[in-house]
Structure formats: C-alpha cells, structure tokens
Amino acid sequence: MRRRGRLAVAAAAVLALALIGSALAANGARSAKAPIIIGWAFDGNGSMAPFDGPALAAAKLQINAVNAKGGVLGRKLKLLTCDTQGNKPDVAKACALRLVQQKANVIFTTCDVDLAAPVVRVAIDRGILAVASCIGTDQMGPKRFGTKGRLAFSFGNVAQDEGSAMAQYAWNRGWKTAALATDTVIVYFRNVVQAFEARFRQLGGKIVTHETYQSLGGNNVQNAVSRLNSAKADVIVTSTAGAFGALSTMITGLRSVGNNTPVLNSWAGDGTYWLPANPKVTNYWFVTFASSFGDDPSKAVNRLAKQVKAATGGFITGPSAVDGVVTAIKRAHGSTKGIVLARVMEHFKNVPTISGNVSFSPKLHTVFGRRYRVIRIQNNVPKVVGTIVAKVVAKI
Amino acid sequence: MTVDWQTIADAFGLGGMYALMAVGIGLVFGVLRLVNFAYGQLVMAGAYSLAFAYERGWPVWVGILLCFAVVIVLSVAMDWVVFRPLRTQTPAVMLVATFAVAFLLQSIALLWFGSLGKIAASLSSLNQPWTVGGVDIRKISIVATVVAAGCLLALVLLLGRTNVGLHMRAAALDFRTARLLGVRANRVIGTAVLLSGLLAATVAVLMTVQTPLVTPDFALRDTILVLAGVVLGGMNRLISATLGGFAIGFASGFLGGALPTNQSQYLPSFLFAAVILVLLIRPGGLFTRFGQQAAERV
Amino acid sequence: MRRARAALELLAPVLLVVLVALFGTIVSSSTQTYVVTTLVNVAIVVALYLFIGNSGVLSFGHISFVAVGAWTAGILSMPASEKPAIMPSLVGFLRDTTVGNVPSLALAAAVGAAYALLVGLPLMRLSGLAAGIATFGVLEITHNVLRYWEKIGPGLNTFSAVPETTGLLQACVGALIAIVVAFAYQWSRYGRMLRATREDPAAARAVGVSVYGQRLLAFTLSGAVAGLAGGLYVHLLPVNAESFYLDLTFITLAMLVIGGATSLWGAVVGAVAVSAVDSFLAEAENGVNVFGRTLDLPSGTRIVVVGTLMALVLILRPAGLTGGRELRVPRALRRSVLTKFSA
Amino acid sequence: MTTPALELDELEVRHGAVQAVRGISLTVDRGEIVGLIGPNGAGKSSTLHAVMGLVPPGGGDVRLHGNSVVGRSPEDVARSGIALVPEGRRIFAELTVDENLRLGSAGRRFGDLDSVYELFPVVRDFRKRHAGALSGGQQQQLAIARALIARPEVLLLDEPSLGLAPQMVDAVFEALAQIRDSGIAILLVEQRAQRTVALADRSHVLANGRLRLTLGPDAANDTETLVSAYLS
C-alpha cells in the first residue's frame, strides 16, 4: 500500500516535471523584416478537420503566391499553425494564447462559430482580428460577440444568402413546391432552410411540408424519409453535411423506395465521399463556393483544387480569406491592428478574391453576394450546371 | 400525432436491428457478466472493413468476409487483452475498461479514416421495400428481425441443450469452480466472445444497408440505446434481453413517427424518460419474472 | 492517531492541488489554460467520488449536474446586453437578471444540488445496472433538453460571452472547496453510514441505516459540488451542451477509477494524473520544449495514447493508482511527524 | 512397491511473503482414505489448491500415478483424474441438479450414473430441481456426486462436513467409506479430527505448514494425543 501511494506521487512528480518542460515552449523569433504573422488555430483531426484541412492547405499555397510577388507592402506573410485537436475548448483556447504569444497579427479559426468561440474570444479580447475561413452563420461578428465582435469575420457564405440563392435557383428551374427537411443539429443547417423558405415564398413558391431530423447518430432519419416520401413536392430541400451521417441514409432511403424527387442541399452537401454505391445518387443538387471536381469556371480554382486534393469546395475559403485580409491590410496602409482592419473590412463591397467577389457590412461579417456554383450529381457523377448570385439576403 | 402503418413498419425494422444487437450484448453479459460498451465499436470496425473493400472495388462478398474476419479477430483480442485480466474485477472497473477500449478504437478509426466518413459496400438491394397495402416494408426490416430471431433461437438452444452451453453458463456463474470440474473456462468464454463477434459482424453488414456512411461514431448511439433496452428487458436471460432490445428499437421508431416533426429533436428525452419510468417500476427487467433482479458481477 | 490520519487525508489532496496551482503560476498563459482546466476537473471528479466512492453505486448522471451548474452560472452572469445575441428566446427573469461571479457560482451549486435531489428522489431506490442505466438516462435527457430548449439557455450556441473569471486562483479555491466538502462528508457519521451500506447493505439496514436516505444525501451533496464545478467551467471556457455529455462523463469516470474510486486521494490523483498526461500530449502535438529538445508528436497521438494508457492502467492496476486508499505516511515518518500534528 | 495414486513430495506453497505449506510429503493409494487435519490456517486448503493447480507450488512435486501434474491448469488436473470437492460445496445454485452432475464430467467420460444414484439417492430424486433449492446436506451430497461422476482416480475433499447437521455428517462419512471401497484414492481435509482419524487409513496432522504427526485409526479415541498434536 505504501508503495502504491509513493508510485502515485512519483507519477505525479514526473508529469509535473514534463509540464514544466513544456512551459519553456519556444518563443517565436522575430525576423528583421517583420513579417505579417497569420496564426491559424485549425482542427487537425476532429469533425471540422475535413473543412479546415483543405482550406489551410490552399491558404498556404496562396500565401506562397503572395510572398513570391513581394508580399504585402514589402512585408512577407508568415503562417503559424496550432492544432486544436478536435476543437476541444481548452486546447483551442491554449492554441489561441500560444499564437498570441508568438505575436500573431491576425488569428484564423475553425469553420464553426461555436467551436471557434474560445479562439475568437482570445483574439478579439486582445484587439486582434479573428477570421474564420468558412463559418456560414451570421454569428461571426457583433451579433454574437458584442462590441468586440466587430473584430470577427468569416469568409464563408452567410446562410441567409445561401438559402436565398438556393430558392432563386429552385424557382428558376421551375420547381414551384418544396418539401423542407431540417437537420436541427447545428444552427447553420437550420438557418439555410429558413432562408430558403423565406425567399422561396417571396418568389411565389409553396412549401408542402416541414420535416425535421437529427444527424450525428440520431436514428429518426428513416421516419423523415417515410414522411418525405409521402409528401408530393417538386423538390426536397435540406441542409446537412454528408459527414454527419444522415445524408447518405436519407438519399438511399428515398431512392430505394423509388422516390426520385430532386434534392437540393447547401454547401454542407458538397463532396462525393458520402455517395452510396447502390442505388447511385441522381437528381441531387447543391450550391457551393467552388467546384472541387476540376470543372470550376475559374482556372485558378481548378489548379488549387488539384493541388490540395479537396473533398469539398470549401477549400477555396482559405485562400479567399488570405486575399481578403491582404486587401484589408493594403487598404489600411499596412496596419495590422484589429480595429483598423475591421473598419476597412466592414466596408468591403465586391472585393475580388480567388473565390469571387465578397462583401461585408457593419452588421453582417459573413460573406454575402458571392457567386455560387450549382453542382448536380447524376449517377454519382458531379458536374457544374450553373452559377447563381442571390439577389437579396433573406431575412429570417 | 400521426400514427400509421408506415410508422409501425419502420419501427418494426428498427426493433429487429436492435434485437440483433441485443443478442450479442446479452450473450456477453450472460457469459462474462460484463456490460461491453465497446460492442458498438466492433460493429464500427466491421462497417469500416466493408468500406475498405468498397473503396478498392472488391465484390460485396469479399467485403463481408473481411468484415467477419476483422470483427472476430478484434473481439478475441479484446477478450485476451482486456476481459481476461479483469475477469475478477468490479463491474465499475470492467465497464470503465470497456469505455477506454471504445474510446481507443474510436480514436484509431478517426485518425485512420478521418472524420468525413467512408461509404460501405453493402447488400443495398435489401433496402428496397415490399409494398403491402400502400405501406413500404423494407426487406432489411424483415431480414434483421428474422436473423435476430434465428440467432436468439440458436443461442438459446446452444446454451440450454449442449454441453458447451452448459459449460459457458457454469463459467459465467463460478469461473473457478467450473475450472476445477475440468471446464476449459477460458476457452468456452472465448467461444462466447467469438459468437458475439459473429453477431457484431452480422449487425455491421445489415446496418450498412440503411446507413451506408461509416463514421468513427458509427453504431455508438445505437449501442447506447440497445444497452438501455437490454437492461430494461432484463439482462439475466437472453430472451428478455433481446426483447428489451427490440422494445427500445420499436419505441424509438414509433415515437420518431408519432411525435410531431418539430418535436422530433426531443425524441431521446421521451425515450429515456420511458426507460427510467420502466426501471423504477420493474428494476429487474420488463420481461423477467416478477422478483428477479438483474445481477451483475460483484 | 485518528486525528493525524484525518489531517493527512485532507492535507495530501489539498497539497497536491496547491502544488498544481503553484505550477500554473510559472508557466505560459497558454499552458496555464490546461492547469486551470485540470483544477476544474479535480472538482468534478471529487464530486463523482463523493457519491460513487462512498456509495459504491455507479452514476453516469453527474455530468448533468455539472451542466445545469454551468447553465445557471453562465446565463446569470452574462451581461444583459449580450444575452439576446446568444439566447434570443430566453424567458423573462433569466433575461433580465444578472449576478456577479461569486453569487453565480453559489447559485450553480444550489441548482446542481436541487436538480440532484429531484433526480435522486426516485432514482436512489435503484442499484446496480438499473441505477447505471437510469442515471445515464438523466444524462441523455439533460443533454437533449439543454441542447434544444432555447427558453432556458443558448441551445446549440456556445456560452461565448460569459466573463472569464475562472483563473488559477478561482479554480484552485473551487477544487479546495470540493475537497473540503468531500472530506467533511466522509468523516461525518453520514459518510460512515453510507460506506457501511457500500460494504454490506443488509448489515447496514439491520442496524437502522436507511440506504435510500444516505444515498440521496450523498447524491444531493455531490450534485452541489458538481454544480459548482460546472459554474467554474463556464467561467473558464466557452462551453456548450456538447461539452457536458459523453466525453466528459467517460473521461471523468475514468479519472476516478484510474486514481482509485474509493478514496478522496485517489480521486484527486486520478484527476491530476490523467489531466496532466492529456494536457502534456495536447501541447506536444503542437511542439513543446522538453529539457531543451523540441518534442513534436504527430497529430492524433494524444487521443490514442490517452486511450491506451487508460486501458493499461485499468488492466495492470484495477484498483487504481492509489489502490483506492487514502495516503498513509511510511511508518518511520509517521512517528516523528504525525505525533506533532496530533499533539 | 507400486507407485501410489497420489503422491505429494516436499510440496511448498507461498502466498506472497507468507509460506503456507513448508514441504510436506504424503501418499494416497487406491482404496485408501488419507486424512489431513489441523487447526485453521495450518495449510490444509493451500495443499489441496496446490494439487489442483489453483496456486503454483513454491517447490516440490505432485504426482498422479508417478506423473507430475505440477504446472498444469486446474482444468487439466481435473481432466487427468483428480477431482476436488471444494470447501463450501460450490454447487451451481442456478442450475439444475442434473446440470450440476453433467458439469462434473466436463472433459472426461460421463461416468457411472447408477452407482452415483445408488450412493446418493437424493441426487436422482431432485434431478430437475434447481440445486439451490436443496438443503445443505443434500448440496454436499450433490457436490460429492458431481466429483465422482467422471470416475476420478483421486478424490480430494475440503471440509465436507462444514456446516452440516450431525446426521448429515454421518451420511457423508458413510458415503466416503463406500467410495473408498470402490477403489478410489481419497485425500480428506477436515476439521473434525476425531471422526476423520477414525475413518481414515491414516491421518496426518498439519500445523504451520508442516506435517507434525501421523495417526492410525486406533488413535481416534486417544484424545490426549489428538489435542497435543493440535497444540504442538
């Protein structure tokens, strides 16, 4: 027994020593030319990893390209990363603090506002601009983070804009009635469908039914399938990510009972990794930032897509965010102070980036007005079938 | 409330699937007195095997063979590395150990295959329905239920009528005495673990029919529900455990259909409230004879 | 001698916690995050210990009490101006009431206790697996309701505007309060009665101890400590409903069992040891400097190593690192030092 | 001289730092009952456990018909022909009497049911009942019957009379005599010294892990010798 007690103490002591070691972590050495440091707290292996990873990889390429052309006002861009390991809140916060210690001028964060919150808090509390590459709600900004939230921006498309674009596309295709299927597990999914409904009604469309289900292990998708199958509509509209599990189940379920109603999804439904073998997916549409399948209207996009092996079009938000931040720094005459950059960015109006023109407003710190790619999947093969820009940002 | 025959058909299908999972969990409990929380990760591993085969374009039957091989190896390894050394420990330690194993397997899957998920090769034609009076009854519902009933029957006969089964029960009740009588206890328990592995692999094959995307948390929620169902039904007998599994699956499917759609997100609350209520009224199990208490290894 | 034993039983965990906190003062602000989290984890695991360790009944429901504590403290201490953004549907009195840091923690403990009492009233009649599944059901229901019911909280949103008042000092004090409460309880007659029911329920009943009553008392008390820990948590990190669900339940239970479920010392050692390994590996994945050398582990090492270590400790030392016993001083020391204490 | 059925040769057993058995040697031959008596903690049960392979011997040897069984697992020892009636009977209360009997033959031929029934009629009468429903004495009979069913060469009994009513003790000892007559070697561990000495062909007194004294049946009424053997 005494031995056990001692063992425990010894173990604790060793661990303590190890932690002391880690306390002496490396300090970022400052280079003489004073580069602009972008710190990126990304998710290396959790639920956001498939989105953060390609965005980060593509951003690196973009940063190299900017530096090759002489950098920003003569200063090089330097990227420092920290892995939040599945966006564990304590690791995320520690990462953000670490990046601050390493003198990051701008801090990039993960693709979900709730998971990004620890990082955003650390950055904006210290007057540093916080940028998300692909958060899709209107919450990355003052709406969610109050006055200091002025320093928070996202280069994702705001759900209100995306849902509105989806409605416009559906209406243009001649779909007059829609069945809504809301995945309630995250706010972005809900907002997209709400925005679709608002805009679709405005255009004169009719909503046949509202169904809800829960991805991420909820076992009621089959119930939603049966209900959707009994509703007669021109299109079934949903917003859910393939990786969250319910999408494959829902499409397989619908198609194997012989229901071939078109399904329209948001950027969340991008990618081919989730396509079931049999029956093959057909009559499936989604809107996205860019095509990751090599047929994007923009050559630059296609080149990047090939280099980073992106699973979804979200990868383009990484370099797009870099472009946006570079423009902001230029317009701020080289300042990297958070509030200065924020003031500039709030007035972005159709600022060109690799993923098209982006706009912000003092109220909306997430992109609207971007040109969406519409991709259709037939027999498991995706193909760009058009582009669309939302005329209005839907009110929800 | 919209309760129709379609809802009942869907609920029945879910019940059949959960009953099949319950047979495997109930068998391990019956023989090892162990609540194996990592059972779902066995199913997950099997499903990833199917996905592995699909990614390489192998025929479905090769994937199924691979699935069985992987799950069986994994379950036997689990028995050797974890269950055997802990056989005499308290239920809390054993349960937490299975948590650790589950957590570990899930982490490995996450690192190995990523969080996007992989599509599994499957017997997807089973997803097609027979339409009876306007109600779509998916073939998988029938298959799952029949397989569950078949496995249950086979195991009940094995446990009740054969010497191997007798030895299994004896080893479960009193490991040491069974060995003193000449029962090769580690071997018979290993057999039970192997059988539960077979069942897990079967579950993996059938579950991917309706849920073709395999993620690291594949079958996790289902395992939790089935565990609740098995305790609810009564863990001491395989039949009551299986019925418990069926009941919770059916209840889940039924409530999912009967709840207004905007309340569907509260389904877990309704379900677990029912579970708690039943446990308070019949702590020994819904399908056990009155007065029998579920007894875990103490 | 009895007093000496009691003194050590309290001092050992207190000292360990203070050491951890002192360690937190010499590290970088980023590493300090992990130290503070470790201290909050100590409070949670001590809450688990208070009930599970003394009663021998497994509970999967305690993280619910942590969650309601976090909800209480989070909602009430958030500035009223920030509330509408995160919690647009909040009911009136929650929307209009704002309290300070300390009252919010006290209320978190009170709500944790009240919820535990409410849940315990029916559930403490159960034992064994039925109790395990029923408490798990509580976790499921709590998580589900907190996640979607936007009238009483942020729903799916993260508590991103709660004042970050849990620093080293507050976390340390919180952990110490938890330890003192657990200690006082286990040395009280109620604690002894409950442990008697753990060893032999029938015998305890025979001498007039109400198993139900004693369990309910411990459950409520541990609910208070868990609620306090939840309050500390929400003042430390932007948490949401997912933060108080399966992962936290399993990791804290593992901490308890790994430390040794039947002693306060075991609970604290388990929480500190597992948190330390976990934090060190988390740091190492992003590169740490250990004695002059940079250690940079590949992504994902942490979760696999932590899982493996947990399984290994359980297999090799099923009674936990401390063997489930309180710390005793070696005999030689005992005479010289402890006689002074008891004198 | 033929090799004895069971032979313990300088057997030692350690439990951690404690030496429970310190080198004992004895033999049991076919058709013999050998008693092993002594106070609590003398090392009697440890001896049986070492024979069965439940604890590894710290030294010495155990031979069945001249072949060492040391190092084998309990189930292998049982299969090679040594049966133990464990302390506290250890019948499977949840199983039927019949199933308990079937377990006795695990891994060995299913032996002579009739002679077992003849020896213990109660086992036949309650065949279909749960073993837990039997009285203590009946359970002890079942435990012995279960050990006999596989026709072992050596039968070890650990305190078979513990907790039984006097008439039951009589019945059990009577049965043991009959079993001996059928040619089985019996090693009987008991606390009831006097009865054991009277029944056994010879009895060894064990104290502090050592054999102190060997008594013949005639010593059964020599209370003085018995008491002094215990107290030595």
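First chain written, first letter: the chains are A, B, C and D, and each begins at residue 1.
By definition in this document, a contact is a pair of C-beta atoms (placed from the backbone, for glycine too) under 8 Å apart; a residue touches a chain by one contact, two chains touch by 3 or more.
Since this is a predicted model, take the numbers as computed values, not measurements.
**Student:** Report the pair of chains linked by the most C-beta pairs in contact.
**Tutor:** A-C
**Student:** Average the CA atoms of each chain to get its centre, and name the chain whose centre is farthest from that of chain C.
**Tutor:** Max centre-to-centre separation from chain C belongs to D.
**Student:** Calculate how many whole Å lie between the centre of chain A and the centre of chain B, each centre taken as the average of the chain's C-alpha atoms.
**Tutor:** 36
**Student:** Could you give the separation in Å between the centres of chain A and chain D, each centre being the mean of its C-alpha atoms?
**Tutor:** Spacing between the chain centres: roughly 75 Å.
**Student:** Using mean CA coordinates as chain centres, what's the gap between chain C and chain D in Å?
**Tutor:** Taking the average C-alpha coordinate of chain C and of chain D, the gap between them is 52 Å.
**Student:** For chain C, which residues are shared contacts with two or more other chains?
**Tutor:** 148, 299-300, 303
**Student:** Using the touch definition from the top, which residues of chain D touch two or more other chains?
**Tutor:** none
**Student:** Residue numbers in chain A touching 2 or more other chains?
**Tutor:** Correct list: 45, 184.
**Student:** Which chains touch, pair by pair?
**Tutor:** Touching chain pairs, listed by label, are A-B, A-C, B-C, B-D.
**Student:** Which part of chain C faces chain A closely enough to touch in the complex?
**Tutor:** 16, 19-20, 23, 26-31, 33-35, 37, 79, 81-82, 85-86, 148, 156-158, 160-161, 164, 237-240, 243, 259, 265, 269, 272-273, 276-277, 279-280, 282-291, 294, 299-300, 302-303, 321-323, 325, 327-328, 330
**Student:** Show which residues of chain B lie in contact with chain C when the two form their complex.
**Tutor:** That would be residues 35, 81-82, 85-86, 89-93, 95-97, 99-101, 103-104, 107-108, 110-111, 224, 227-228, 231-232, 235, 265-266, 268-269, 271-273, 275-276, 279-280, 283-284, 293-296 of chain B.
**Student:** If we count contacts the way the header does, which residues on chain A are in touch with chain B in the complex?
**Tutor:** 45-47, 49-50, 184, 210-214, 216-220, 222-224, 226-227, 229-230, 242-243, 245, 247-249, 252-253, 256-257, 271, 273-279, 311
**Student:** For the complex, give me every residue of chain D touching chain B.
**Tutor:** Within the complex, chain D touches chain B at residues 52, 54, 73-75, 78-79, 83-84, 86, 90, 92, 94-95, 99, 102-108, 146, 150.
**Student:** Quick check on the complex: what are the chain B residues that touch chain D?
**Tutor:** Listed in rising order, the residues are 163, 166-167, 169-170, 173-174, 176-185.
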